[in-house]
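Below: a set of structures, written as C-alpha cells.
Two complexes come next, and they have one chain in common, chain A, joined by chain B in the first and chain C in the second.
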Partner chain A sequence: MSAAGEAVRSAAPLQGLRTWWTMLSICLEERLVYRGDFALGTLMRFLPIVTQVFLWTAVFAATSRTDISGYTRNDIVAYYLLTMLTRAFSSMPGLAGGIARSIRDGSVKKFLVQPVNYVSFLLAARVAHKLVYYAVALVPFAGVFFFCRGYFPEPPDAVTVAAFVVALVLSFLLGFFMEATLGMLGFWFMEVSSIVFGYMLVQYLLSGHMFPIDLLAGVPSGVAGVSLADVVRWLPFEYTAYFPAAVWLGKVRGTQLVWSLAIEAGWVVAMAVACRVAWRRGVRRYSAFGG
Partner chain B sequence: MHNTDPATAAADPVIRVEGLAKEYRVYDKPEGLAASIRGLFHRTSRVVEAVKGVDLEVGRGEFVALLGPNGAGKTTLLKLLSGIVTPSRGTARVLGHVPWERDDDFRRRFALVMGQRNQLWWDLPAAESFRLHQEIYRIEPARFQRTRDELVDMLDVRRLILQPVRELSLGERMKLELVAALLHEPEVLFLDEPTIGLDVVAQHTIHEFLRGVQQRRRMTVVLTTHYMKDVAALCERVVVITRGQILYDGSLAEIVDRFTTHKIVTLDFDEPPDQRRIEGFGFPCEVRGPQVILRIDRSRIADALPEILRTEGVRDVSVEDVPLEEIVAGLFRADRREAGAVGAAS
Partner chain C sequence: MIRYLAIFGTFARACLVRDMTFRANFILECVTSLGWMSMNLAFYLLVFTFTPEIGRGTGWSKEPFFAFVATGLIINSIVQAFFMPSAEELTEMVRTGGLDAVLVQPLDAQFLLSMHRFDFSALANGAVGVGLLAWATSRLDHAPPPVAWLLYPLVVLCGVAILYGLVIMLAAATIHMGRNQSLYDFWFYLTNFSRYPAEIYSGPWGGPLRMLCTFVIPILLVVNVPARVIAQPFTGQSWGGVVAVVVAAAASLVVSRLVFQRALARYRSASS
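Presenting the complex of A and B:
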C-alpha cells in the first residue's frame, strides 16, 4: 500500500467520527424543525404513574407490613419516577417501525448506494432525537421530581451516581440496538408491528416498567435455588428500566452492581453484533430479491 | 465530443457486463379472502427473469440511453450496475469493481439518481444535504465549495439551496438532487428516469446541464428514460432492452436508419387541396386543412419529390425522419408480437 493510502487508513477513524458528527448535527437541525409541543406530551407520560401510586397505596393499606420486597411506599413512588427517567433513555419510539418502513418503501437503497453505514446513521439520528427531547422535557421532568422530592431517599454517594449514569447510557444503547435489530426483521417480514408489539409486551413485564424486579425474587423459576429474578437478571430487559432505578435507590450494590453493569454492557455488545448481522444478512436477501 | 467509437471504448471500458442475468421469485396472490387464507399455508410462486444474459460494454465518457417498455428490465439492470441487486448469473465490473460487493472505494466513485426517490433531506435546505455529502464522500472543503458553486450556478438554483426542500417544486428538487449526486464528481452516473414528470423548460435545463457536466468531466452516463427528447438531446448510443434482453445496441443515427422504412413529407398548400389529387400520389396521407402529411418509402423519395413539388399550390415542403417515439414504439411492438408468437407456439 502506498504512503498516501496509509495516511488515509490511519485518518479513517477520525474521519468516521467527523462524518458521524455531521450526521448528528444535521439530524439535530431536522428534529428542531418539528420540535412540536413535547412539553405537554411529557407531562402526560407521568399520568400512568398516578394509577400505579394509587394501586400501591391500596396494597400497603391492606397489609400491616411497611415494606414489600424491600420497597417502602415512598420507595415505590421514587422507583416509578426513576423508571420514567430510564425509559426516557431506553425507549425508542418509531425506531423499528421506521427501519421496516424504509425497507418496504425502498428508501433504504440510499444506504446501499452511498458510502455511509445505515446503523451509525440511525444512531446519530436517535441521539439527536433524544437530545432535543431532553432539552424540551427537562423542565417538566425537573418539576415533577422537585414536586415529589419527599419520596426520594437521601442522594446516593458519587460512585453510585456514576454507576447510575453509566447504566443510563448503556440502557440507551441497549434499547437502540434491540429495537434496531427488530426493525431489520423488516427484510424478512413485510410488517414488523406485531413483532414489535410482542416485544413491547415482554419488555413491559420483564423490564421493571410494571413492577420492581425484586418482587420476582421469591418466585421459583423451576430450577432449584434459582428465582425468577435471577433469571431476569441474565436477560437484557431489566437493564432498560429497572436496573438504573434500582442503582439510584441503592438496591444493587458492591460486586452485584459490578456484575450487573458487566451483564448490561455484554448485552449492548451482543445486540450491536446482532444488529449488524441482521443488517448484513437482510441486505443480502434484499439485493437477492431484487431491491 | 462523446466517445462512441467501439474500438476506443473497448480499450478503456468503465462498465463491462457479461452474461448478466437476474431472476426473481414472485408469489402469486390470487384474489379473494378464501384464496388469501389458503395462501397462508401454500403459496404458488413463479420465477420471473427480469434480465436474461446481457452483455454490454461502455467506455469512458459515453452517454448511453437504456430504452425499453415498462418491465423490460432497464431499472433492474441499473440496480445491478449500482450494486443494489445481486445477479443470478453473470459478471459485471464497474470501474474495475464488482458493484454488488459495495465497497466504499467503489461507492465514492459513482452516483445513482432515481427520478422518483429523493436523497435530499425533506425538511432541511439542500445546502445541509450537500454538507452531509461532503462528509460521507470525503470531499476536500475547497474542492467541495468549487464544485458546489459550479453546479449550482449551471442550474441557476443558488437561491433555492437555503430553502427547505419540501417547499420546492418537483423540477427544482430534481435539479438539487442532481447537484447532490454530482458533488463528489462521480466517474459514472446512473440516471433512472431523471426527467419524469418535469415540464418542458425544466427538462431542457436538465439536458443542457447534463450535457455540459458530462463533457467537461468526461463522465460516463447511463440513463433510462421514456422520453425520446432525453435521448435525442443527450445520447449518441442507444441500447434497446425488451424482455430482459438487448434488442439493439448502436448509435442513435443508426437506429433511425435501420428501423425506418419511410420519411415524413409535409406539404403546405395555399388552400385546402383537392383530396383526390393528393391520393393520386399513391402514398398514405393525412390531410389537415391546407397541410398534407405523406409517408413516403425511403427508396422512392428521390423520384417522388420532384413530381410532388410540381403540384400546383404547394407553398412549402419539409422532409423529416419518422419521430423517434414512433420508431421505438414500433420496435417494442414488433418484439411483443414475436413474444406472442413464441408464447402461442409453446
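Presenting the complex of A and C:
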C-alpha cells in the first residue's frame, strides 16, 4: 500500500469527525438565528405542568386517599416535572414531518449525490437542536426544579442517578430513530402529517407523558390477568417519558432496572436498524425529476 | 359587511372543495382529531375512578365536568376550524414576505389574514362535543332551565371571540418577532388553563393565577362561564359570569384589533 493511501486512510476518521463538527456548527448557528422564538417555545413548555399540579391537587383534595397507584400528590407532581425533562431528550419536534417534506419537495436528493449520510446529518442537526435547547432551557429548568424541590423525594444514590442519565441518553436516541423511521414513510406516502399526528397521540398516551403508566395497573386489557399497564410495558414508548422518571423516583430498582435499561438499548438498536432499512428501501424506489 | 360575508363564504367553499379533493386525508384528520379527544376523555374517566369530583365541594362531579369538557370541545373546534389555520400560515408569510401581497389587497388585512383558510376536519370534535353535552346534561341532577339554554349559544360565541382576540394578538407578536414557530405551541399551552374548572386554581399561587387568567388574559372565562351556565344550577350569580364574559369578549376584540393594527404599522417587508 502506498504512503499516500495510508495517509488518506488514517485521515478518514478525522475527516468524518470534521464533517460531523461542520454539520453540528451549521445547525447550531441556524438554531440561534431565531433566538426569541426558541426562548419563547422553551418557556411555554412549562405551562402545562402548572395545570397538572392544580388538577391533581384538586383530585387529591376531593378524595380520602393518600396515594393513587403508589403515587402521592407530591410524587405525581415530581413525575410530571421529570417527564418534562425526559421529553426534552426524547421529543423530536418536526423531525418526521421534515423528512417527509424533503422527500416530497425533492430536497432530499442532494443527500443522494453528496458524501453525507442523510440520517447522520439529521442526527447531528438534532444534537445541535438539543444542545441549544438545553443551553436556553437550563436556567428555567433549574429554576422550576428548585422552586418545586418540595415535591421531590430525597435524591437517589449515585447508581440510580447514573442509570437515570443512561436512560435519558437512550431515550434521545430512541425518540430520534422512531421519528426518523416514521418520516421515511414519506417515500411511500405523499402526505404523512396525519400518520405523524396519530403517532404523536399514541406516543403521548403510551409513553406516560399524559399520566404515570402505573395508573393503568387496575384497568383490565381484556386478557385475563393482564392489565393495560402490562400491555403498555411491552411497547417502546414508555422509555421516552415514563421510564427515566420512574428510575429517578425509585419505582424501578435492582435487577428490574438493569433489565429495563437493556431492553431500552435493544429498542434503540431495533429502531436504528429499521430507520436504515427504511432509508435504503425508500431511496431505491425514489425518483426525482428536473432541477 | 355583506361583501365580507360573501368573501368569507367563497373562502369557506374553496377550502371545503380542497378538503373534499383529498377526502382520505380529510377523514384521517377527523379520525386523528377524534383520537386526541378520545384520549383526553379516557384520561378524565380514569381520573374519576379515583375521585368523585374535581376539587372538594366544587360541584364538578362526573356529569357536570363532562358538560364542561363538551363546552371546551365546541368552542375550541370553532376556533381551530375557522381561525387557527390562517394564523399558522401567517408565521411563514411574515418571514418570507408573502404578507406584502395581502397588504395591497383592497380588503381589511385582519380579515384576510385571520379568515382565509379553514380546517373543516376540526369541526368533528365540536360535533362530538354537542353529543357529549346532550349526554351529560341529560344526567345532571338539576336540568338546565330554558334561560340557560338560551344564553348558552351567546356565551359560547363570547368564548370564541375571546380566543379569536388571543389568536390575533399572537399573530401580531409574529409580525413583531419576524418568525414565531411557537405560535401554535403557545396557543396550546395558554388555552390549557381554560381546560379545567377555575376552582382548581386555589391557594397562595392558584388564587393570583386565577385572577390573572380572569381579568388580564380572560382565558378562564372562555369555557368556565358557558359550562357553568349549562352544567351548574342557574342562580342570580350566574348573570355576573354572563356579563363578565360579554365584556371580556368585547374588550378582547377591540384590544386585539388595536394591537394588530399597531403591529402592521411596524411591519417591514422581507421580500425583495
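Throughout what follows, the second predicted complex is superposed on the first by the 265 of 291 C-alpha atoms of A that agree within 3 Å, B and C clash if a C-alpha of one lies under 4 Å from a C-alpha of the other, contacts with A are read in each partner's own complex, and residues count from 1 in each chain.
Methods note: a contact is a pair of C-beta atoms (placed from the backbone, for glycine too) under 8 Å apart; a residue touches a chain by one contact, two chains touch by 3 or more.
All values derive from a computational prediction rather than experimental measurement.
In the superposition on chain A, contact of A:Leu55 is made with chain C only, not with chain B.
Residue contacts after overlaying the shared chain place A:Gln15 against chain B, while chain C stays out of touching range.
Which of chain B and chain C touches more residues of chain A: that partner is C.
Of the two partner chains, chain C is the only one touched by A:Thr63; chain B is not. In the superposed model, A:Thr255 makes contact with neither chain B nor chain C.
Once the two complexes are overlaid on the shared chain, A:Arg284 sits against chain B while remaining clear of chain C. When both complexes are overlaid on chain A, the residue A:Gln114 reaches chain B alone and has no touch with chain C.
Of the two partner chains placed by superposition, only chain B is touched by A:Glu29; chain C is not.
In the superposition on the C-alpha atoms of chain A, the part of chain A touched by chain B in one complex and by chain C in the other spans residues 34. On chain A, the positions that touch chain B within their shared complex are 15, 18-19, 22-23, 26, 29-30, 33-34, 106-107, 109-110, 112-116, 284, 287-291.
Partner chain A is touched in their complex by these residues of chain C: 22, 25, 28-29, 31-32, 35-36, 39, 43, 46-47, 49-56, 58, 177-182, 185-186, 189-190, 192-193, 195-196, 199-203, 206, 209. Those residues of chain B that touch chain A in the shared complex are 22, 24-25, 50, 76, 79, 82-86, 100, 102, 104, 107-108, 111-112, 114, 117, 119, 121, 123-124, 128-129, 131-132, 134-138, 164. Across the interface of their complex, chain C is touched by residues 34, 36-37, 40-41, 44-45, 47-48, 50-51, 54-55, 57-63, 65, 68, 191, 194-195, 197-198, 201, 204-205, 210-211, 215-216, 218-219 of chain A.
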